[in-house]
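Both of the next two complexes hold chain A, though its partner changes from chain B to chain C.
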Partner chain A sequence: MAFLDVQHVTKRFGGLTAVADVSFQMEQGEIVGLIGPNGAGKTTLFNLIAGTFPFDEGRIVFDGEPLNGLKPYHVCRRGIARTFQITRPFLEMTCYENVVVGFIGRDGFTGETPERRRRAEEILKLVGLDEFLHTQARHLNLINKKKLEIARALATRPKLILLDEVLGGLNTGEMVQALDLIRAIRDRFGVTVLWIEHVMGALMQVVERLLVLDGGRLICQGDPQTVVRDPRVIEAYLGEADD
Partner chain B sequence: MPRSLVWLLSLGLFGVLAVLPLVAGDYWLHTAILCLFYVMMAASWNLLAGYTGQVSFSHAAFAGIGAYVSGMCAIYFHLPPLLGALVGMAVAAVLGLLLGVLCIRMGGIYLSLTTLAFSEMLRIVIDNEYEITRGTMGLSVPFVLPFYSKAWAFYLMGAVTLGLLYVIHRIIRSDLGTAFRAVQNDETAAASLGIHVVKIRVAAFVISSTMAGLAGALYGHYHQLITPEILSLNLMFLVLAMTIIGGLGTFAGPVVGAVFLEVLSEYIRIYGEFHVLIFGLVALFISRFAPEGLVGLWRKRFPTLDAQR
Partner chain C sequence: MDDFLLYLTNGLLLGVIYALSALGVSLIVGIMNVINFAHGELYVLAGYFSALFAHALGLPIPVAMALAVGLVFVFGLLIERTLIQPTYGNDMYSLIITFILSIVLQNAYLFIFGPYPQKPPNWVTGSTHLFGLFYYGNQRLASFLAGAAVIALLFLLIKKTWFGKMVRAVAQDREMASMVGVNSTRVNMLSFALGCALAAAAGVILAPIFPVNPTASVGISLTAFVVVVLGGMGSLEGCVVGGILLGVVQNLGAAYVSSGYKHFFGFLILVLVLTVRPSGLFGRKEI
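Now for the complex of A and B:
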């Protein structure tokens, strides 16, 4: 059975079908890219997996158990963490405290232990925020806020992480670091990655498979090189360019 | 603040508390006891409003619940006041849990409105259940201690207040406190990290209401007369103003605000009962222009003392 199994999932907002009959599977340890023009339904699909919205039809099975009807905190405890396209760090808390919230959410009120301190510092170092340990999140720039979201997501010891556009606004050097980070998430923590990104060039360097959404429908999936040459995908992006 | 300064301040505070009954006259001792009551009220309301962002208007009502339950335990079951205070606390906790579970899911302004409605309803019930509560006449209850002594009442209330502040301080520094602030900062993000937001908010509501129940019970037995006045919005807004003027979401804020405003009201009382209205307006102004209140202004003035924050 697949690690993540999305079966015929549909979500409507009033008259708008944001996600229409989407089905796909992921295996453990994969890094999969999710692309599609603006408004294609990518973030909505994340919200359905993460339990933010209930869905109208379909089924999502994760690690052998259905996620239907679970609330976000519950989905997180099952092992799915996420970042937000529009960042939502805890602004009035330090980077360290932001990460601790992830530990608390996953492990409960254990209190501060040397082990937890060490792990928090390790995670913040991995994402490159070690110099901002005790800086309040509101003082961080956008890139560092995105890194912080990845850090605190990792603190929940996820099996699957959902990344929603983490590369926007990075320069070349930062991009290289970010790609290394995403590889490290998979290689060092063994976390499966589902990743929404508009920066295609960078995405193509890392992902092993691509899913393409357009108008809520999954129009194509498979090997990245093949997918980007697919006429339906080119059409979807050209349509966007025409607007 | 540096550790040594905290110790020095605490020591000074203890000293002042210890000698106050020896040097203060009856009137100022009474004022000091009122200060302690307000410190307990403001500090516990701050735990809810300042650390989880839930603006509840039922805090005075829970003080009233504590006072009336404890008072009635003394009158009808001849329980000693201090034991009655524990019962009052327990009842406040249970009612806090019920009210919390009922209305916290709604959140935001709805929580404010439902808690407001709850406290007004409770006040009307107490006003009208004359047979049991003596209505607006008030319920005469025994003194908080077996013997009458303002000085010892002060020591007792002082000890309880310090204990309460200690507990609040521990909570703020604990994982629970971190979860409180996460929920206040961004509940969607907190939920995505596995935090059960409703549980955390209800927990804060119950803890805060329980503390109000304790404060109210001691206050009632100190006055020896419990009237529906304690549940009034007048008291609620005073506590709110004290917390905001002192510094919402800071540990010292409600303490500073409570003492400052209570002492101030003693001086301006002669101008009539409009002072709560004035405090309310000042609080509004402060929450707009200096959201961390007096404590925040102090921190701005002396940033070095606070480098470690």
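Now for the complex of A and C:
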């Protein structure tokens, strides 16, 4: 039984089919990249898995249990966390408080124990925000906001994390930091990663498998080197970029 | 100079009372973006309850007050669940529904409690010689202290506790809070009820000074809205500063110009502040 099993999932917005009959599987501990041209349905697929909106057809089974019809906070408590393309930390709260909200969401508000405080500090140290513990999130720069989103996601003790364009807007040095962080998420926390990215060069360094969406359909999946040479992918996505 | 101190003290006390009466509105606006037009009616309801429990049931005053606030909290939970939840996503509906609720409640009070003012017993009697200058009613001072304590407790709750962190997260980004596992529907219910309980706390604290009647709610709601707009929609700090500013300006204006113009000065300061800062003293700019 696959860890994440997406079976024939379809989502329509009025006459537009944003995600059409998509099926794929992920094993625990994998890092999988999700690519495709703009408007291919990548973020919509994330929204369906995270429960932001319901899907019209199909089934998503996560860790042995179906996710159909669950609210986002239930999906989170099942162990799926996500970050956003445009970062959305709680701007009027400190980094520490942002992480604490992740704890509260996952465990209910049971109080602030020294154990929890230590864990919050540990998570912020791992992502490299330990010096900004009590800085309000709105004072952070882009890379640090992205790190904070990942820290908050980790606070919910996810088994699967959905990353949406983590690298967008970062410079080369910052990208290296971000890639290290994504590897650490998997290696140190054992979290499975599904990752939307446009920066192909960086993505190829880390992912073990690629999924390609185009026009809402999953047109190709498999080993990254094979996938990027696939004529369908080149036509839909890479060919377009090379023009 | 002595007079000035008296007016200032009066204004400060009244300001804290204004802030206390407006905090519930501000909290609900900040978290849910819902304006509770029935705020004043919940204040009045708690005033009636505390009078009823103390006089008719003979309960000790603190017990009567706590019971009144508790009942209004439960009432708030019910209002949120039955009237506000179906309107999620359209702020206009909640506005109309709470407005209708306010009219229904006013008439219900008239029917049940009658048109005459009612008040719970005073907690204390007599007066205190303040600053060696003038005498001030002990009940007013006690209500002022209780009001200040409630305001301080609310700030502690919102700024320091885990519940407060969750509430602030929902207020800042409801969808994101939901993504990190916060059940925002339940937070809404609790926050709305907490806002109602704050109205009730103001009601039980102030009813000994200002007896309640079925239409007393109109003035309370109106002042609360002025304070909330003055301080900035949804800002608790703004609510306190706005309340005190309004109280002081009203009292100094009434004392030195004419008491007939008391409300004129209140609205004058509102117009002036909004001219310079359209989103209120502590208001966040809408993006």
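As a working rule, the second predicted complex is superposed on the first by the 237 of 243 C-alpha atoms of A that agree within 3 Å, B and C clash if a C-alpha of one lies under 4 Å from a C-alpha of the other, contacts with A are read in each partner's own complex, and residues count from 1 in each chain.
Just so we're on the same page, contacts are C-beta pairs under 8 Å (C-beta built on N, C-alpha and C of every residue); 3 or more make two chains touch, one makes a residue touch a chain.
None of the values given here were measured: they were computed from a predicted structure.
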* Asked: Between chain B and chain C, positioned on chain A by superposition, is the outcome a clash or a fit?
  -> clash
* Applying the touch criterion given at the start, work out whether A:E115 contacts chain B, chain C, both or neither, answering first, second, both or neither. => neither
* Just chain B (first), just chain C (second), both, or neither: which does A:V100 touch? -> both
* To do: Answer with first, second, both or neither: which of chain B and chain C does A:A153 touch in the superposed model?
  => both
* After lining up the shared chain so the two structures overlap, which partner does A:R88 touch, if you call chain B first and chain C second: first, second, both or neither? -> both
* Structure fact -> The intersection of the chain A residues contacting chain B with those contacting chain C is 50, 52, 71-73, 76-77, 81-82, 84, 88, 90-93, 97, 100-102, 104-106, 109-112, 152-153, 155-156
* Structure fact -> The residues of chain C that touch chain A in their complex are 161-163, 165-166, 168-169, 172-173, 175-184
* Structure fact -> Residue positions on chain A within touch of chain C in the complex are 50, 52, 71-73, 76-77, 81-82, 84, 88, 90-93, 97, 100-102, 104-106, 109-112, 152-153, 155-156
* Where on chain B does chain A make contact in their complex? -> 174-176, 178-179, 181-182, 184-186, 188-197
* Residue numbers on chain A that touch chain B, as the complex places them -> 50, 52, 71-73, 76-77, 81-82, 84, 88-93, 97, 100-102, 104-106, 109-112, 152-153, 155-156
